Structures are given as structure tokens and as C-alpha cells.
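Some structures are shown below for you to check.
What follows is a pair of complexes built around chain A, which joins chain B in one and chain C in the other.
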Partner chain A sequence: MDNNSLKAQGNLIMPPLKDARFRRWRTMPKDIHETIVAGVFLLPAICFFAVFVVYPIIVSIFTSFFNYSINRFEFLGFGNYINLFKDEVFLKSMKNTIVLVIGVVPFIILFSIFVALTIYQKSSLVCSFFRGVFYLPVVTGTVSVIVVWKWIFDPLSGILNWFLETLGMINQPIMWLGDKHYALWSILLVLFTTSIGQPIVLYIAALSNLDKSHIEAAEIDGATNWQVFKYIKWPCIMPTTLYVVVITIINSFQCFSLIQLLTSGGPNYHTSTVMYLVYETAFKLTQFGYANAMGVILAVVIGFFSILQFKFFSNKVEY
Partner chain B sequence: MKNSKKKTSIGNILRMTLLYILTIGFIFPFYWVITGGFKQQEVTVQLPPQWFPIHPTIENYRKLFYNPALTWFFNSVLIALGTMILVCVVSTMAGYVLAKKKFYGRELIFAILVAAMALPKQVILVPLVRLISSWGFHNTLSAVILPAVGWPFGVFLMKQFNETLPTEILEAAKIDGSSELKTFILIVVPMVKPGIAALAIFTFIGAWNDYFMQLIMLNSKLKLTLPLGVATMQQEFATNYGVLMAGATFAAVPILIVFIAFQKYFTQGITMGAVKG
Partner chain C sequence: MKKVFSLLMVTLLLLVTVVSGNIQVGAADDLAQLKAEITWWNFPNFMAVDGVIGKYEQSIITAFNQKYPNIKVNLENIDFASGPEKINTAIQGKTVCDVLFDAPGRIIAYGKSGVLADLSDMFTGEFIKDVNNNNIINACKVGNKYYMYPISSAPFLMGFNKNMLEKHGLLNMLNLKGDRTWTTSQYKALLEALKAKKERGAIIFCSSQGGDQGTRAFIANLYDSSITDEKITKYTINDQGGVRGLEFVVNAIKSGLLLNGSASDGTAAIDEFCAQRVSHTILFSSGLFATKKDQIKFEPIMVPFPSADGIPELEYLIDGFCVFDNGDANKIKASKLLIDFICNDSIWGPKNVKATNTFPVRSSFGNLYKGDETMTYLAGLTKYYSPYYNTIDGFAKMRTAWFPALQAAFTGDKTPKQALDDFVKVANDSIKQ
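Entry: the complex of A and B
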């Protein structure tokens, strides 16, 4: 119903697709000229893309069916994939990855909406200030952020244990990154601080584009802030929320540098993620085929979420 | 009515308090890194923490520059600049035709590029490293720059931006007999400048902080980048937080200055990449 009325509106502005195709066919010589010009302009991009993205993908998928290491190259069929699902370390890493993703997404949504709502109507200087603050960890880069977090989590000279001990909440130092009960949650906290910048920027943009007349009308009618949020703002920023959910899921699945720098997957793979395991398997253990099989599985999972993302947004795209 | 007003203001105070607590939580690490770089080694691990360096020292920076931090800095600058320039040129050209030319295979090419954007880079890492090594590029700056140019995000962003160009102007130029190249350089490029600026700053910061690529492509001490160098110092200096924080400061401050100077374009890049995404 809605869709049809949209289509009808579209027809008023643009001629139906059939006509456009017909016109293109009729003026073919011009199209050939355009295609040549386009080809020349696209050539550098396509070359880089083909060499550094497409070719490695194909090789990656191909070699994932082989027992492939520095001195070996034997066909295994689906051997690598079958072994993966029997591999405790891989399953553990998959579980950790999923825990990180499920753990971080709600907090990101909650806090980024909160921050955006609180600051989006402030003057542009104030708004830029806060936006910059929450973007700090992204801009300064993981490595710089990690140096501080290592100290915060340091069991003996770190501020977190000192703080909790001073408050009397703990009696003995906690090995935040070395204890399997805490390590993943510590990573989660750092992941949260390094992921929230982009969602805040997106929410501020979405909220600033809202139609203010609805909100004003609701306020005049005596709606509380909560009601305005629940019935007007929240539904209007839903597309942004979906987008943020998907990009946060994708980014968290790719969580690597935090792990590599903070724990190297330890203790005993309790903080290893699939991404980290791919790196370790390829470069520390040099089992290239096995690492590629892991990578392919991860790509399929992430690809699934990306398709979801484009599904959501294809409704809004107007070419 | 009065009651609800009062409630709101209490809510507001609570909200602002929470916002300030979060803000401090985000600024504190940065403050700590900067001041920590000037603290003596035994002060950095002292508890309760010394909130400000009472006896500042430049010893940490001396150690940092004894490591080739300046070389790392120039490597980082070269990588970030090289990636930025190549990405901007390649993407602007491709984005323009993808948005404004009707040609065979346009939808297909665009669909493939978009699909590839979702791919985790780690999936292609082994073949990429082997490819780069087979060219003899391993452990050179090109090894980090070139693969980054293949990444289609820039093309996507510039296509979005080019769609906002009025087609009439391009057609008028054509009628006036302007060649394709001339139209592109004299008309298209000046009009998409804000888009290029957004892409440039985005790419620069991204390349500077692309720790993963640098990690797998570079390994000799003189070829490291600043973030990678600081990361390797973590192994060398373990809990010598003073030197590490000096390194972290030196890695973060240049990029922070770039970010603050171009923040407007940067946020534009983020939102543009999302709209219609």
C-alpha cells in the first residue's frame, strides 16, 4: 500500500523504467562513447580493486580447501572446515566474539542515543566539543588508547584496583586482563569506548534533521519528554538505529587490535576472537589454509549482516 | 504543569551530570597519557596516582627519540599522505562516472564494490601478504599504501557526493565542446571539493591508525609507523609507562590536530557514508 503510493509519486517525477531503457537503447552510439569514457575513468580504481581485493579473495577461498603451510600444499576438500567445528579453540573464539558483539551493541545504542539527545540542540561549538570528546579514542588510535588501559587494568599499580580498594569494594588486587572471569569484560569495556564515536555522530545528524513542528506540537499538548522521545523521536531515528546496530556488529566481529595489544588472546584463549585467531593461525602458526578457512567463515557471518544492512536501506535508496 | 517543569529540570540535571561523568571518562585517558609522558618512571606506577607531574622530566622523550620515533613519525606521515592522495584521485574519478555516466555494467560494478566493502580485511590477509612479498614490497611503505587504495569505500563515498551535482552543468559543458577530461578537471573537481576534503581527512586518519595493515606488512625497526613502533615498545619497556605514554602522546597529538582542524569535513564523511548506505 505504502509502497505503491511511493511508486506513484516516483512516476510523476521520473519516467517509468521501461521508457528510460528504451531511450538508452535508441541512442546506443552515445552510450558506447560514454562506456569508453567511463572505462578510462574507472580503470585505476578497478585495477587496484582487482589486484588487492578480488584476487586475494579468490586465492583465500581456493586455499581454504588445502592443507597449506610454508612447506605443504595438499588438497583437503572440506577438511579444514570440518576440523574448525571440532576445534575447541576456534569454537571458544567464536563464542567470545559473539559475547563481545551481543554485550557491546545495547550499550552503544543506549549511550549514543543518550549523548546525542542531550547535546544535539546545544550550540554548534558545544556540540562539536562533545562530539570530539567521544571521538577521541577513535582518532588517537587503538595503540595510544591501549597504553592507558594497560595501566588502568594493571593489577599492582593500576588505578582501577586502587580505586576499588580505596572504596573498600575489593580486598585483593584483581588481575583484570589475566583472570578468565574478568578478561573478556575488560576488553568489552575498552571496545565500548572505542566504538561509540561514530554512532554519536550519526545520531546527532539524524536528530538534527527531525521535523521540529511535530515535537513542538506534542510539547504544546503537554507531552512529557519521555513521551516525545518514545512516540516521535525514537520511531524517526529508527533507520539510524538499524544502521548503527549493523555497523557495530560488523566492527565488533572484526575486533582485533584491542585483543592483540591487551591480552594476545589470553589467558588460555579466554579473550581470543575469531579475528585474532585468524591472525595467530596465519602468522604465528603459519597454517595458512586453516586460517583462510576461518576467514571465509567469518566473512560469511559478516556478509550476512551486511546484506541485512543493505536490505534495510534499499527501501530508502532512490536512484 | 509547574510540577512537570520541575521534574524536567531535575531530569536535566541528572542527564547533564551523567554526560559530564562520561566526558571526564573519555578525556581522562588522554590527559593521563599527555601528563604521564612527563613523569618519572617510579611516579607513573605510584599509588595513589600523582594526578599531575610535580617533578616533570623529559627523560621519557629522550628515550623515545633514542628509539627512532622521528623516523616512525615520517613513515606514518608518508603512509597517510600517500594513501590519502592516491585514494582521493582514484575515487574521485571513479565516483564521478559511477554517478553521472550511463554506461553498460554500471550497476554491476557498483554492486560488487559495495559488496566488497562489507568484507573483513583479515579474510584476504594471507594472499595479500604473499602477493606483496612476491613483488618484493614487503616491509616497504608501499606495502601498506597500495592495498588501502584498493578498498572501495572512497569510490562509494565519492559516488554519493557526485550524485548531488547538477547534470545540466555537465551537459552544458559538453554542448560547449569541452572535452571529458577538461569537464572533469575544471567543472567536476571544483564542485565536489567538499566531498574530496571529507574523503581526504577520513583516509588520512584511517591510514594513520590502520594498525592491522602496518602490523602484518612492516617489521624492521626503521620501517615501523608511529602506532606500530609504540606497540612494539610495549614489549620492550613492559611496564615503563612513562616512555610508553610519551610514545602514545607523540602518536596521538599530530592526528588529533589534523582531526580538530578538519572536524567539519570528517563528520560530513561519516554521515555521508551512512546516508543511503
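Entry: the complex of A and C
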């Protein structure tokens, strides 16, 4: 690129100025120039990220080494972390959290792929209708959806018990959220229904973008539906799967509002999750340091699971 | 000489009176002209007017502003479910309100944390003499400093659906004479009779945290246990009576006389009572009745908790105000003026107590409910008040351990004795911490 065209390009970006600093700016190498411009555009987002994400993370890690409450701030070293591993309620909550993740994520993936495969080739009206139906819980708002579920599960006046009693399947009302045998399953069901909306929409989009010639060629060669899915569709939607798995696992690990609104961690901590315990410890007991230590442990566990997923899936992802 | 001296003394006395009078008038004028903007966070203790929560409180502020036109009061209503967490977060973020209307359980904990303004100057000799109740006065202070200014008080009782009992011919199974006291065996007989008529017993709620005091008092009363010792130095509800009480509840749930409330909070349990889906509630009060009046389409009847000896030990509510020390002396002064107006104004003081449907702590307010049979009955129950333990150290930590203990017993994770022993261990540890 000659000097004149560089100048002309510079003129497009900046108005002609006689100041020496701006002359230097216009004659600057293109890559540096672009980097600076990109940085300026990113600056508001970086500031926002630094203030509302990076800073709180640093403060959380720092305060997790302190006995930090409303009127105390004493250094404990690893005291909070040591106490956490002796804390039965924390260990129970961690176990529940992992059960939730393992119990719900595979079903979300399988169900989402099944729904997407079933409807992605239907007419746009049908496809939009089902997308709307499955996405409705996502846009309705968590609290509203959970309140409805609470009514459904109500042991005295809930529709679920009424339905099962009417069918003669149960004689006594079941306390879905208060019985240790059913509570975690009920939470799993609600978490499942509130989590499938986004994966279904993403899978429909991914499947709709597949190159149809590959599928047609395979079908002409006599491939069965299963073979088409296994050798063509599944590898092609792997980037979407990686994204869905990572995001769904992180969201399931951070399950809080469901627990807060449905069971408050009960009965006897059978549905308590780490995020709920963080909330209870910080805002009911005002033990902020201890709560932050729980948060740090949870972040480490989520990080570990995320690394595993990238290791497992990234070899199979072709962009 | 004597005359001259007397004249001098009289003149001096007059001068002092005039000057001090001027100072007082000047001080009162200064206060009337005080400029400040304060925020008042309010739990729903006052009755809703026209179904609107906060409307009555706005009328208090309007009346207050007629006396103190330069103090702007911003009212924010908070609820019992999320309010306590909101306050804790705000304290930490230094965005907490100036005035809070709450109860000693939380207020004294804030006082111990050093975030409240000292209200000792409001506890004049006249006020303490007028209250004339050491339990109430002691519940408002930490050491020598007062942090809560009380306005009203009321006992927590059980509530029964009188119409339902009448319909089934079971009303005579309640003692409606005298103080309406009764025994645990009488209560059990009523539960069995209700079950025979296919009516549901009370929900023993133990989800979330609100209303936990009702469940503790209910279980402690059944076989004459006590939640703490007399001096409130340790928890004792795991004694033989407490264990028998919890065993009674667990067995009653198993046999369908009472309902397992592991998934129900106090509000839900009371709402089920108001909706007539259960025959009674183990937590009811005149204040709760006032706030739920619009929902109740039957006549509720309040009775004390049953006990083995027929002498109940009642928990009671104390309503009061605290002022957060936000580092602005002017705001603290304005907040105290607002509290003084709400609690002590000759017109609005009694009116405000009536709006909470509870009893004034000031004896000089007299009987505000003349002719009201229920309120007259409730006023006579103070002799059954138990030691007020809500100001004990570690109260918040103890509360988080109580419902899991009940849930552990109800789900069979622990025996009633194990559940209460474990609870008492955690609760006593919380006192030391």
C-alpha cells in the first residue's frame, strides 16, 4: 500500500488535522492502528468487566482467608477452607450439587437433540411454535415459573397429587418437596424443564445450517437414519454440543433460585446446593469470609469440570 | 434583710425559669426546623388500608410532616421472607436505612454488631416507669445501651377455625372459659376427633425461617419443657419434656393428626388456615389476624398452647424501632423524632398501636380495645409469658439450625432425641461464638 492510499484510508477514519500528534497517528503502521482502535472500542466493556467481575472475584478470594462478618475482619489463613471440609452441611450440599449436574445435564442434551431432530425439518410455522413452547420458561422469568411449580407440587391443593389420586396411582398426598425421597427428584424435574429452552433453540439452528448435500449423498449411498446422525449430523453439531454442555453444567452448578423458592435447602439439607449455602451463610448468618471460601471451592470445581469437557470434546470439534 | 434576700431569690428563680423556658422553646423550635432526609424500612406490621400495604404508614408520615415539615421521610416496605437478607446486605454495602420497624431478635443482633445508634436518651425515667415491665425493657438493650424503642407487644397463640369446630360439634373440646388453657391429652383428643371428621390438623411448618418461634414454643409446651434455662444462658429444649414433645409431633404426623410441613413456611401454613384447608394453625396472633382479616371468611378463635400441666408458657412479640448509625448526626436526630412521634404522640401513639392490633407497652395508653372480647382476653395472658430469649448471643445461627432439626425428625433421618441434642449443641455453640 503506497503512502497516498494509507493517507486516504487514514482520512476516512480521522478528519484531516494539522496537529503533529494526529499526523503521527495517520502514519502509524496499520496493525498497531487497528489494535488501538479495537482497544478503544473494547474499553467500556473491559471497564465493566473489571469492576463487576474481576474486582469482586479478587475481593472474594482475598476475604475467604478472613473471619469476615459485620463487625469482624480477622485473618484466618486457610482456616475457612479447613473448616469447610469438616462441615457436614457443606459436604452434603456439594454432593447434592454434583448429583444435580450429573442427573440433569445428560438428559438436557439428549432431550434437546431429540426435539431438535424431530422438528427442525418441519414447516417454519410448526418449528417456530415448538421453539416458542420450549423457550417460554426461559423468557417467562425464573420466579414466575418456580411459583407455578410450587403450586403444582403443593401437597394439599397441588394439581400433581390431585391428578395421581384421580388416576388411582396414590392413596395419600405426596409431599414432593418435603419428603427426602422425592425432594431432589422434584428439583431435578424443575431444573430440567427450565434449562431445555436454550439448548433446543441452539440445536435447531445448528441442524438447520447443516449442508444438506452431505446428508442427501449419504442417503443415496444407503445410509440409515442412525448412520446419518452418527457420522454426519453429530460431528457437525459438536461445537454447539460443547457450548451447550459447558453452559448447562455451569448453570446447574450455580442452581440457587430453584432451591431458595422451592425448598430452602430442606428437608434436612437434602436439596441444599453450594450456591444456596453460600447465600444462607453470607446473608442470613453474615459470615462473608466463610461464604466466599465456599464460592472459591465451587469455582474451582466448575473450572475442573470445564477443563475436562474441553479436553473430552475439543478433539472432536471441527469448526 | 430577709425580705430583700427573699425578693432576690424569687427574682433569680423567675429569671432561671424564663431563661430555661426560652432555651426549651428554642430547642423545640430548632428541632421543628431540623432539616433532614431519612429512610424508613418497614415490615408489614401495620394493617393494610384498602388492601394497600404502606398506605397507613404514609398517613403517619403526613402527620409527622405537619409537626416537622423539613424532615423528608422515604418509606420502603420490606417483607419477612427477604427483608432480613436485604438489611444484612445493605449494612455491608453501607446503604442501610435510617429507621427500621422490627423486633428485638434482629435489632439486638445489629446492636451487638455496632451498627446502631444509641437510643438511651429516649428511655427517660417517665418512659421506663410507664412501661413498667422489665422483660420488655431488658429486651431493648445490650449492656447499658438501649438500641430498640418498643411500641407494642402481643402473645403468640394457636388459632382454630371456630365455625369448623361448631359444624362438627367439637367446639366443646376447646376450653373457652377463663384463660382458655388446656392439656396435651385434651389437644390429642381434639386432633383425633378432627381426623374422624376428615378435617386436617395444623401444618407443622419448618421451611424457610419465618415463624420458627411458634414451632419451638408449641413443642416446648406439650410436655412442659423450656427453650432456654431461666437465666437464658443455654438452650434446654432437649430435656425429657422437649423430646417427648417432638415425639408427640412426629407420631401425630405419622398417624395423620398433624401435617408434615417440611416444605411449608409459616406464611403458607397460616394461609392454608385462612383458606380453611386445615382446622388450625400453631402460630397466630392478634397482629396476624389483623393483617389477614380480608382473607378470613370464618371466625378464628385463639387459644394458648396445650401443655401437660395445663399452664402454658407463651412466646410474645415486641414491636419496636431502631436507628442505624449512618454517620450523620442530623439524620439520627431526625430518626429519633420520627420514632418519638410514632410511639409517643398523644393522638398517633395509641392510634399506631391499634393499627398493629397489639397492646401498647405504655400503660398510660390504657385499654385501647374496650368492648373487644378477644383483645381483652389476650391482654390478660401476660402472666404466662416465658423468658424472652430472642436477644441471646448467636440467635441468628440458632434459628438456621432449628428447622433442619425438625425436618431431620420428620423425615426419619434422626430420632427426636438425636435431632434435639444436635440442635442444642449447635445452638449452645452459637452462644459462645
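One rule holds in what follows: the second predicted complex is superposed on the first by the 257 of 319 C-alpha atoms of A that agree within 3 Å, B and C clash if a C-alpha of one lies under 4 Å from a C-alpha of the other, contacts with A are read in each partner's own complex, and residues count from 1 in each chain.
The definition used in the following text is that a contact is a pair of C-beta atoms (placed from the backbone, for glycine too) under 8 Å apart; a residue touches a chain by one contact, two chains touch by 3 or more.
None of the values given here were measured: they were computed from a predicted structure.
**Student:** Quick one: classify A:I82 as touching chain B (first), chain C (second), both or neither.
**Tutor:** Neither: A:I82 stays clear of chain B and chain C.
**Student:** More residues of chain A are touched by which chain, chain B or chain C?
**Tutor:** B
**Student:** Once the structures are superposed on A, label A:A299 by its partner contacts, choosing first (chain B), second (chain C), both or neither.
**Tutor:** After superposing on A, A:A299 lies in contact with chain B but is clear of chain C.
**Student:** After superposition on the shared chain, which partner residues are touched by A:V51: those of chain B (first), chain C (second), both, or neither?
**Tutor:** It touches chain B, and chain C stays clear.
**Student:** Using the superposition on chain A described above, determine whether A:M175 touches chain B (first), chain C (second), both, or neither.
**Tutor:** second
**Student:** By the touch definition at the top of the document, which applies to A:M238: first (chain B), second (chain C), both, or neither?
**Tutor:** Once the two structures are laid over each other on A, A:M238 reaches no partner at all.
**Student:** State whether A:P155 touches chain B only (first), chain C only (second), both chains, or neither.
**Tutor:** Touch partner of A:P155: chain C, not chain B.
**Student:** After the superposition on A, what does A:F288 contact: first (chain B), second (chain C), both or neither?
**Tutor:** both
**Student:** Output check: A:Y269 vs chain B and chain C. Expected answer is one of first, second, both, neither. What do you get?
**Tutor:** second
**Student:** Name the contact category of A:V126: first (chain B only), second (chain C only), both, or neither.
**Tutor:** Neither partner.
**Student:** Hey, what residues of chain A end up touching chain B and chain C alike?
**Tutor:** 156-157, 279, 283, 288
**Student:** Looking at the complex, which residues from chain A come into contact with chain B?
**Tutor:** For this pair, the touching residues of chain A are 24, 31, 34-35, 37-39, 41-42, 44-46, 48-49, 51-57, 59-60, 63, 111, 114-115, 118-119, 128, 130-152, 154, 156-157, 159, 162, 166, 193, 198, 201-202, 205, 222, 224-225, 240, 243, 250, 253-254, 256-257, 260-261, 275, 278-279, 282-283, 288, 291-292, 295-296, 298-299, 302-303, 305-306, 309-310, 313, 316-317.
**Student:** So in the complex, which bits of chain B are touching chain A?
**Tutor:** Within the complex, chain B contacts chain A at residues 1, 4, 8, 11, 15-16, 18-19, 22-23, 25-27, 29-30, 32-33, 36, 44-49, 89-91, 93-94, 96-98, 101-106, 109, 113-128, 130-131, 146-147, 149-152, 155, 180, 184, 205, 208-209, 211-212, 215-216, 227-228, 230-231, 234, 239, 241, 244-245, 247-249, 251-252, 255-256, 259-260, 263, 267, 270-271, 274, 276-277.
**Student:** Using the touch rule from the top, collect the residues of chain C that touch chain A in their complex.
**Tutor:** Touching chain A from chain C are residues 84-85, 88-89, 91-92, 110, 112-115, 200, 206-209, 259-265, 272, 277-278, 396-397, 400, 403-404, 407-408, 410-411, 413-414.
**Student:** Using the touch definition from the top, list the residues of chain A that touch chain C in their complex.
**Tutor:** Touch list, chain A to chain C: 69-71, 153, 155-157, 175-180, 183, 262-270, 279-280, 283-286, 288.
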